[in-house]
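Here the structure comes first, spelled out in structure tokens, and everything after it is commentary.
Per-chain residue numbering starts at 1, and chain names A, B, C, D, E and F are given in the order in which the chains are listed.
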Amino acid sequence: MNLSPLARVMIEPLVRNALREDLGRAGDLTTNAIVPAGFWARSVLRAREEGVVAGLDLAKLAFELIDPNIALQIEIGDGAIAGPGSVIAAIKGPARGILTGERTALNFLGHLSGIASATASLVAAVEGTRARIVCTRKTTPGLRAIEKYAVRAGGGANHRFGLDDAILVKDNHIVIAGSVTQALRRARAAAGHLVKIEVEIDNLDQLEEALAEGVDAVLLDNMGLEALAKAFAMVRGRAITEASGGITPESAPAIAATGVDLISVGWLTHSAPQLDIGLDFES
Amino acid sequence: MNLSPLARVMIEPLVRNALREDLGRAGDLTTNAIVPAGFWARSVLRAREEGVVAGLDLAKLAFELIDPNIALQIEIGDGAIAGPGSVIAAIKGPARGILTGERTALNFLGHLSGIASATASLVAAVEGTRARIVCTRKTTPGLRAIEKYAVRAGGGANHRFGLDDAILVKDNHIVIAGSVTQALRRARAAAGHLVKIEVEIDNLDQLEEALAEGVDAVLLDNMGLEALAKAFAMVRGRAITEASGGITPESAPAIAATGVDLISVGWLTHSAPQLDIGLDFES
Amino acid sequence: MNLSPLARVMIEPLVRNALREDLGRAGDLTTNAIVPAGFWARSVLRAREEGVVAGLDLAKLAFELIDPNIALQIEIGDGAIAGPGSVIAAIKGPARGILTGERTALNFLGHLSGIASATASLVAAVEGTRARIVCTRKTTPGLRAIEKYAVRAGGGANHRFGLDDAILVKDNHIVIAGSVTQALRRARAAAGHLVKIEVEIDNLDQLEEALAEGVDAVLLDNMGLEALAKAFAMVRGRAITEASGGITPESAPAIAATGVDLISVGWLTHSAPQLDIGLDFES
Amino acid sequence: MNLSPLARVMIEPLVRNALREDLGRAGDLTTNAIVPAGFWARSVLRAREEGVVAGLDLAKLAFELIDPNIALQIEIGDGAIAGPGSVIAAIKGPARGILTGERTALNFLGHLSGIASATASLVAAVEGTRARIVCTRKTTPGLRAIEKYAVRAGGGANHRFGLDDAILVKDNHIVIAGSVTQALRRARAAAGHLVKIEVEIDNLDQLEEALAEGVDAVLLDNMGLEALAKAFAMVRGRAITEASGGITPESAPAIAATGVDLISVGWLTHSAPQLDIGLDFES
Amino acid sequence: MNLSPLARVMIEPLVRNALREDLGRAGDLTTNAIVPAGFWARSVLRAREEGVVAGLDLAKLAFELIDPNIALQIEIGDGAIAGPGSVIAAIKGPARGILTGERTALNFLGHLSGIASATASLVAAVEGTRARIVCTRKTTPGLRAIEKYAVRAGGGANHRFGLDDAILVKDNHIVIAGSVTQALRRARAAAGHLVKIEVEIDNLDQLEEALAEGVDAVLLDNMGLEALAKAFAMVRGRAITEASGGITPESAPAIAATGVDLISVGWLTHSAPQLDIGLDFES
Amino acid sequence: MNLSPLARVMIEPLVRNALREDLGRAGDLTTNAIVPAGFWARSVLRAREEGVVAGLDLAKLAFELIDPNIALQIEIGDGAIAGPGSVIAAIKGPARGILTGERTALNFLGHLSGIASATASLVAAVEGTRARIVCTRKTTPGLRAIEKYAVRAGGGANHRFGLDDAILVKDNHIVIAGSVTQALRRARAAAGHLVKIEVEIDNLDQLEEALAEGVDAVLLDNMGLEALAKAFAMVRGRAITEASGGITPESAPAIAATGVDLISVGWLTHSAPQLDIGLDFES
């Protein structure tokens, strides 16, 4: 399985920046003091708990940029599940480089695998329904592209990548425009032919207005289960339906059971805890 | 109270980068389509739950870089507690700019306030003891400086900022050096006079070796409470003592009660959930 | 009329880069040698031929970055027509800065106004039909965002901004997938809910296949007028129809008359001649 | 023939920037969805019309930065003529990378080959005379170095690369200085010993003044043929003579026949249409 | 007197980079700990020894970028002599910002004033002769533009700014070409009309060859006084003459007395000691 | 001996920047005109005077970035002494690349070797005493990391790398705080557990105050020998002692004889003359 669409030209600046952030102006004081330059070592990236792996390309690049003599061999690729204690990748090369790159590699890998794992748990929670789990723009500043990749690695799908790749009419836009109808008309007049339009809906009156005007997707925000089911019934396939608002693995199945197409979850990218992955030297 | 040591020259690249990430190549399609250019609005940043605020400088800068006509007035500054529903800042200016900058501003503010709030809860848990809560290098790539600032805003203190500002001898260094003694000798020989040396200790034999050799701080990693207390007693003030490993608000008081100087917690920066803060338009 | 969605944070790097390219390592040798530092002047940006203006934000920024004392007053805004000899903007300030920034400002303004003007001539050619003129990804490296803005300033619309904001299945993709059907199925399986799918069609068999499978838009590439008309009839509103291939102001009306929704034109962004605009000092 | 003085360190930032502009935050959605990761292909860069090639180094680098497994074999090098349908280069490697890099590579290659071809047509028009074709600073922002390279690839020569590598006294400088003589004196006083001085001349009185004062080159702007010939006779080899102003392949021979050393042409870099080059997959 | 041609757009990246280098990831620990945020102060930049000032624009910008409330008032401008103890500029504003920016401002100012002062001492040494003092490309990496500016501030002139703004044929080029004549012919064939050509000459035979071929300037490298005088006589005004090689204020007058036009000195930019300038707080 | 802790990821931006500074927009005009592309050469980096080498990694990278076919073989590594005329490294590869990269490589190597050599001379001057030679933050803007590395290569040690890696309380801080005691208390309250605190002392009263309060190091600034000796005696090992102020190889031995631990010298990094190293082609 090869999930990675992250061309090196896209991720290299992130990894270089992270390495410089950690190396500072003097480099790895500890390792340079203690570890001889010619000392080679073997080590592994090991999962300390179960989860879905994501971000190996970035971890690999972190080691390679520190020392091109370091080779990382992937055992459990992005998108696959690593059980507790299992080896995700084997690393060999100069020990200095491995130790110096370790934290940067793990920071990327743990963060992205955490997002992938959280996504996978939600995806599992709605298995058997038609609902897909999607992320939002509530991402860590600077890491959006790779966080959204991690969501895909975990089996989820992506919402907008930015303000510029789709139109999402939100409550404040509607207030300023005067009505859902007015807002959607202005949106359609400005949208290119490859730009989809979604509108955030707070109640069924707004939904009726949106469906009458025509729209690609409706975001049903913070509605109760009953309202959601009623909304889904009203739509009758005329738009993609998306539910959002405080969704957890516990509440997701019932929401998915309403028939909605998408369940969007902000915390996947802003609050998922990292997956605990460590680097162990082998004797 | 003025916690902020974040000179604009340090944070401006982060904010510009985050804005470009969100604006992409076409800017805010929705807002530009719907909101008239001359429309001014008033809005507030409001806490949706209780927590400690951090990151207002970055939020303010996000709005200013989008439109210098937007003014942000701070009501609850960095380091202070915002109750649920309380207004953190008032914003007025062109509505387009407010809507376009909203997500970037909130992503910084929610992320950093989440870290500050998590820190504050741990700080509260050990109140009355001598233990300080400190963070680690397990930070989000690219955001270390501001995440460590958020820890301070929450009442915590900072461990190393990078591989280059102190020596921390870890288990793998000791293995390669052959012993704690050897590792510390190499470290001291290389260290500048303003560089402190800390060593990670897994058992009391290593601790004895370290104290015999002399060291600024000892990191007592994943020790039980009893071992910690014994270690603290052995040290007798000859080194700063730091406990680490899976510490939570629940387990922290007992650890603090062993007498250790510092409790370091990785999840403050890698897994703290964001603080829920929203932007509300005012009519 | 306010067309500009170009936030300063988006264009500032382009303008700074262009100024540095022109200033090199020694700055404006001629002006610094000849023009006294305290000498102020008034000048105008004047159209030397008729066309549609685009890019004033960039021109203004070029002068401001050289010297914040230079003020540029817009007379004919982006998207409006400037007749030959008409004044687009008045500039006053230190003469050194005006002369030093002149070429950079004009290079942006002439290039973007050239694209806007070419677009406007095509838009005029199809007036009265339902066809919209759109651009492509055949843009000048580094300038895509502002070139696509210039197309909008000229009355056109935008196609994809990059490889990542919509799916466009082209001939080589179809060959590799084995068929239009296979290609579209793979595309839909991977596409997010806000991502539209378009497919390039070379003949009516492929079109039938695409319509059977379902697609948002069809790109009818290099078809004759008759085939285009036949294709449009086959589609019956089930997809947006786009014609492309060697379109000129002369050939556009007949193509538009076939009923297609969009006419895409690569040369708008890769070969439109610049609009001749000069800077005249006033005595 | 090896024309290329473009060290990789000079062009790599341009190519990386162009790739990121096209890949955006999500990469090549279409290709990643449809083309298997392990699928290799052979393709060619083919001229769709006759012209002079320029920019192969940039095209090659675009593919290599996307995927180092892609090999580009040059058949018709920079500066050589490609007939319609001829193969400029053969490319083989992973199909994903070829498709993802295609547009960026072609945008560079088509743009620069367009400039080289336009230059070559002017060079051919003045063949047999002593006149050389030169470009100006009217270049596309950010691309000056490579556009001037393309002019050389087409057989032309370069005027100033920026405001800092020679002095060119223009009409506004003369007005501010008070006279040609004053302007040239100030220029000479400031110029380093390796900096040449050219002055723009609008009439023969100014020319007399310039020659009396001494100058390296005179730019005879927008003069009629008769005035040009008279000017050239007046100069008698005391300065390089350059004619400029609305020059086309049709008008160039007569201008060259006046004896001028140089004919400078702005549209080579600001308005030359791209050369149509495509990428064809081979079965 | 206004020497400064350093547009802010040229120097801002240097100053921002230097500030970030000093601030690191945590900012000014000392000042933030000790100095209250609201504390304003007055201070002066004071020369601790006599010298020529250069670089005030960079020092001013360093303070402004740290805190826009800091105002720097210039007393002795770039290019003027500051006696020991004299005040170069007065600074007032928040004490934190003054202390934080101090070292960066002084590092620029001391370095550039050192170059200006060294230049001035050489310029004084050859006063009354026709010789000008010029610098070389032996500059500190990254600082060439401002170091060459400092040479001008000290009364010197500039040689080439880079490999691309003039041709300088050196010994190794001549060896590879086979002879001075061959090297100069190749150079002239490639040079644009605004590019001057200089050739490095080791003996009088080479000089004869160069003069026969024609050249703009000759670099007489490491010749004795007698040979220099002979060379100067041979040239008879047909080329600019430049002497180089181990020149000091002591040896310069005799070299200048040979009649050469230029004396080039590498150590001005690579080895001039800084001018001692300090920042004094005023009570 | 392997001194180098300069990871490529740290130095590559410096070298790329320096090469671009020298190549400008047109590259190496002279070499490209005269030297055939296919011409290979052998050359050596040769010391023209005795000194300690530093910076070979940067020189090597300069050549490799210009042309990966250039191989540099180190003969005398960083930290070792090169006698006059000795070969530091052998270089072979395409002559164009060697000539084009020469100046950038030499500018780094000469500058850093100059610092290393100056350091070594001071280190030799205090041999046999307990004093170590350390540098300051008076570095060339942008080059701090590599200049401090050069100090280590010369046998010295490093003081702070920036404002953020240790606390150094200086005279102005003390004035603002009101006393040494107050300043140190504020400093300790803010300092992390791995941050050392040093205080600048002007007289023995201040020293007493500092020792009473407790501090890691005392900077004895501009004290006479007698005062230094008295200060050292007062300290009695309770703090690291550092002497500073106008120290030369001549004055250093007597200062070292007072017993101080460190002698800090600003001119090592701001005024050390470069080491004269040249590149010789071999026939």
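Assume a residue touches a chain if its C-beta (ideal position, glycine included) is under 8 Å from a C-beta of that chain, and two chains touch if they have at least 3 such contacts.
In this text the structure is predicted, and so the values were computed from the model without any measurement.
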| item | value |
| --- | --- |
| Reference interface B-C: repeating pair among B-E, C-D or D-E with over half of contacts shared | B-E |
| Pair joined by more contacting C-beta pairs (C-D or C-F) | C-D |
| Whole-Å separation of chain centres (CA-atom averages), chain A against chain B | 22 |
| Between chain A and chain C, centroid-to-centroid distance (C-alpha), Å | 32 |
| Chain centre separation (chain A, chain D; CA means) in Å | 44 |
| Junction residues of chain D - those touching two or more other chains | 21, 23-29, 32, 100, 144-145, 158, 161-162, 164-166, 195 |
| Touch-based graph of the chains, sorted into line, ring, star, complete or other | complete |
| Residues of chain D that touch chain E when the two form their complex | 132, 134, 157-161, 164-166, 192-196, 198, 216-217, 240, 242, 261-262 |
| Of chain C, residues touching chain F in the complex | 21, 24-25 |
| Residues of chain A defined as touching chain F within the complex | 16, 19-20, 23-28, 32, 37, 65-67, 100 |
| Parts of chain C lying in touch with chain B, wherever the complex brings them together | 2, 5-10, 144-145, 148, 158, 161-162, 165 |
| Of chain D, residues touching chain C in the complex | 14-15, 17-18, 21-36, 39, 41, 95, 99-100, 103-104, 106-108, 110-111, 114, 137-145, 161-170, 172-173, 175-177, 183, 186-187, 189-191, 195, 267, 270-274, 281, 283 |
